[in-house]
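Residue numbering begins at 1 within each chain, and the chains themselves are lettered A, B and C in the order written.
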Amino acid sequence: MADASVATAYRSIVLSRVAAQASYRTSFAIEVVSQAFIVLVEFAEVYVVFHQVDKLGGFSYAEVTLMYGIAVSAFGIADLVVGHLDQLPFYVRRGTFDAFLLRPLSPLGQLVTSDFSLRRVGRVVTGFTVLAVALVAVDIDWTPGRLLLVVVTPLAGAAIFSAVFVATSAIGFWVIEGTEFANAFTYGGNYLSAFPFTVFGTVVRRFFTFLVPVAFVAYLPSLALLGRPDPLGLPGWLSWSAVPVAVVAWIASAAVWRTGLRHYVGAGS
Amino acid sequence: MIVEARDLHREFVVRRAAGRLRRTKHTVAAVDGVTFSIAPGECVGYIGANGAGKSTTIKMLTGILVPTSGHVRVCGLEPTRERATLARRIGAVFGQRSQLWWDLPLRESFRLLAAIHRLPASVWQPRFDECVALLDMAPFLETPVRQLSLGQRMRGEVTAALLHSPELLVLDEPTIGLDLLSKEALRAFLIRERRERGTTILLTTHDLPDIERLCERLLVVDHGHLVFDGSLPALVSRVGAERVLVVDLVEPGPALDDVPGTVLRSVEADGLRQHLAFQPDRTTAAEVVAAVSALVPLRDLTVTEPDIEDVVRRLYQS
Amino acid sequence: MSLPALRPAAALAGAGFRRWSTYRQAAVAGVFVNIVFGVIKLSILLGVAESAGGTVAGYDAASLSTYTWVAQGMIAFVVIFSWTELAERVTTGDIAVDLARPVDLQLAWLATDLGRAGWALLSRAILPLAFGAVVYGLYVPDDPTAIVLVPLSLLAAVVVSFACRFAVNLVAFWLVEVRGIVMFYVLVSGLLGGHLIPVQMFPEWLRTLAYATPFPAMIQTPIDLVTGQATGLRAIGLVLAQLVWAAALLGAGRLVLAGATRKLVVQGG
């Protein structure tokens, strides 16, 4: 019963955000289109690369486009829901975060719902369009397992990116310039997750597989969809593990957030 | 007791630039062994100079900050540990920080807060209507918060803090920057709130009339220590704070240096304007005015109140 | 220009330098992010070169590393990302104060911007280059004219960038919300300027389009001089082209400013 009314509280906050944003129609439309345009400009990099070569890190144009489509869709969803979390230092400076602490709801829940930005929906739509095109272009031996995988993958990827957003936003509890540091992992992770991991050096690869697990967003699931073993020798079952990895990432990021919050309440401002 | 603080300490680590690149760490005690308690229904003014430790104390009472050491209970709860539970039983207004949604019409903020506090309409709606009527908010309920004047916004902030009918209302500089009329409206509202509902009020302020009108008890902090706990008249008589009668005479006159109960502070413009200081617990403004006008014809007069910062400074020196 | 006329400009440049030099933590955070993105970008480019058999569009591993780290080092220097300082002053009406000063508005902002660029060079460019040199190795130009041309080209790049940003920001005189326009500008200038991927790698049509804009003159040209992509007469020609762009764009900016001030005078803001 109590949970139902918590949900009502959050729903009211989110709806109020949507109403406030939709009230500036022209500005809203321009921003939705701009967000879609970002995806196209970023994709130009893939386009230019494959103008020069047929394979990148052993993968074809269509295969890299598949990775790109999954990565952008996953990041787009995460960005839509929690993309503003890196602004935590701003909330702290303005005192908004203290106001969150004075209300009987979770501060993280309030932070997430306080700036739900519908304009970022442009990125999600373009991302899924690219993904759809790639799915037609690549050669996939469809099985029920792969069908399920292709549906689950963008969602699991979104969960992984969200966990990265939550965990890195907590840097803002310690550092005034936390936004920038967080972006290295969130936007950096987004950039890197769209490409075959075979092009990266060992340190970068391990870091973004085991510590910030964005390898599980697009690269590894793509291997499973294409039926290819990892050229770098990771066991095949890891390619199917995005969901459990997302769960672990969430548990870890919740712990990091709680530590950050304890530090904030302990050290004050 | 609704608020209990015993031997409360809070330290901060401050890094300071020492030379071009080196930084040294200092530990600063913002609150250094403060003990007090507040009974239900009291209205207490918490005053002190900037940086004396007021905001730090308030943050510890509301659960935004953990004390370094010491014991604190508000409504019987440990603030930081039971913050969400406490949030339902207290209301807080920070004069410089808004808890309203800046891009929504004012009315929407209350609807959201009601949802957040999970208040049924039958509970919050009458309360809201009452606040709207008493604080005269109807004309700007549909205005986005960012377009409100400071006085209008502050009325909204107070309503936001009271919507869930808290037992304790904490106000940090609620009247700062307000015009005289808004200040007085807010004070009258708080007095009524206390009388009707018995709400306990704790407020910090730099404004002496706030305290005169609202608080029967004062806590004064200085450099993290509690230096006074008592009533305003007791404080004024203890530090010997003076009120000053400034008189403008019809024509230049002799120095008024023998008016009973007063000390002549200064004479301006060949005696056209004279400043007479008196102790409010020994004589009244009316008696002094009567005595002066018996001596010379007056054109104009004003009485200046002791400045709160000045009172605190004297307290610290004594 | 006579010496007395340069005095306010020098003072403004000094103020621009000092104002930014107070944000040290921001510089550290910025450098960190620039390096993370540089590592990812360079990994992808090296993957392309490897697929192409070692050299792609005239770039080998060493010159790709140099391209990447000079490009990352230039991000803050030429302001590749969003800059809305002037637009904000227009929106708030503070621009009236600037217009009332007895100095030329455009030159005053240019001087301040050069001071800012000086600080950015010290705080944001050296570390990414040092990181690149230590971890990946850099190509050092052997053309002796580079010693003169590279600094001149960098200076011209800042002026070209400033002239573009100045004109784009002035749009605020006509539009209330410039965020969408500035975002569009950042995306297009970054791509066509060669910040995402070297212009030489573009397909013919995109390269032609890029060189029809001033954007390569603010990013790609200095990089070409450092990486030895352009030497001798071609290098001198490129720098001359930068100077022509700078002059033309500053002139265009003055026209926009004249139109904007007329609007301000006539309509009272």
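Operating definition for what follows: a contact is a pair of C-beta atoms (placed from the backbone, for glycine too) under 8 Å apart; a residue touches a chain by one contact, two chains touch by 3 or more.
Note that this is a predicted model, so its numbers are computed, not measured.
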| item | value |
| --- | --- |
| Centroid-based (C-alpha) most distant chain relative to chain B | C |
| Busiest interface, counted in C-beta pairs | A-C |
| Chain occupying the middle, per Cα centroid | A |
| Mean-CA-position distance for chain B and chain A (Å) | 46 |
| Between chain A and chain C, centroid-to-centroid distance (C-alpha), Å | 30 |
| Rounded Å distance, chain B centre to chain C centre (Cα mean) | 52 |
| Chain A-touching residues of chain C, taken from the complex the two chains share | 25-26, 28-30, 32-33, 36-37, 39-41, 43-44, 46-48, 51-52, 56-57, 177, 179-180, 183-184, 187-188, 190-191, 196-197, 201-203, 206 |
| Complex contacts: residues of chain A adjacent to chain B | 5-6, 8-9, 12-13, 16, 19-20, 94-96, 98-99, 101-106, 265-268 |
| Residue numbers on chain A that touch chain C, as the complex places them | 24, 27, 30-31, 33-34, 37-38, 41-42, 44-45, 48-49, 51-57, 175-177, 179-181, 183-185, 188, 191-192, 195-196, 198-201, 204 |
| Residue numbers on chain B that touch chain A, as the complex places them | 10, 12-13, 56, 59, 62-66, 80, 83-85, 87-88, 92, 94, 96-99, 101, 103-104, 108, 111-113, 115-118 |
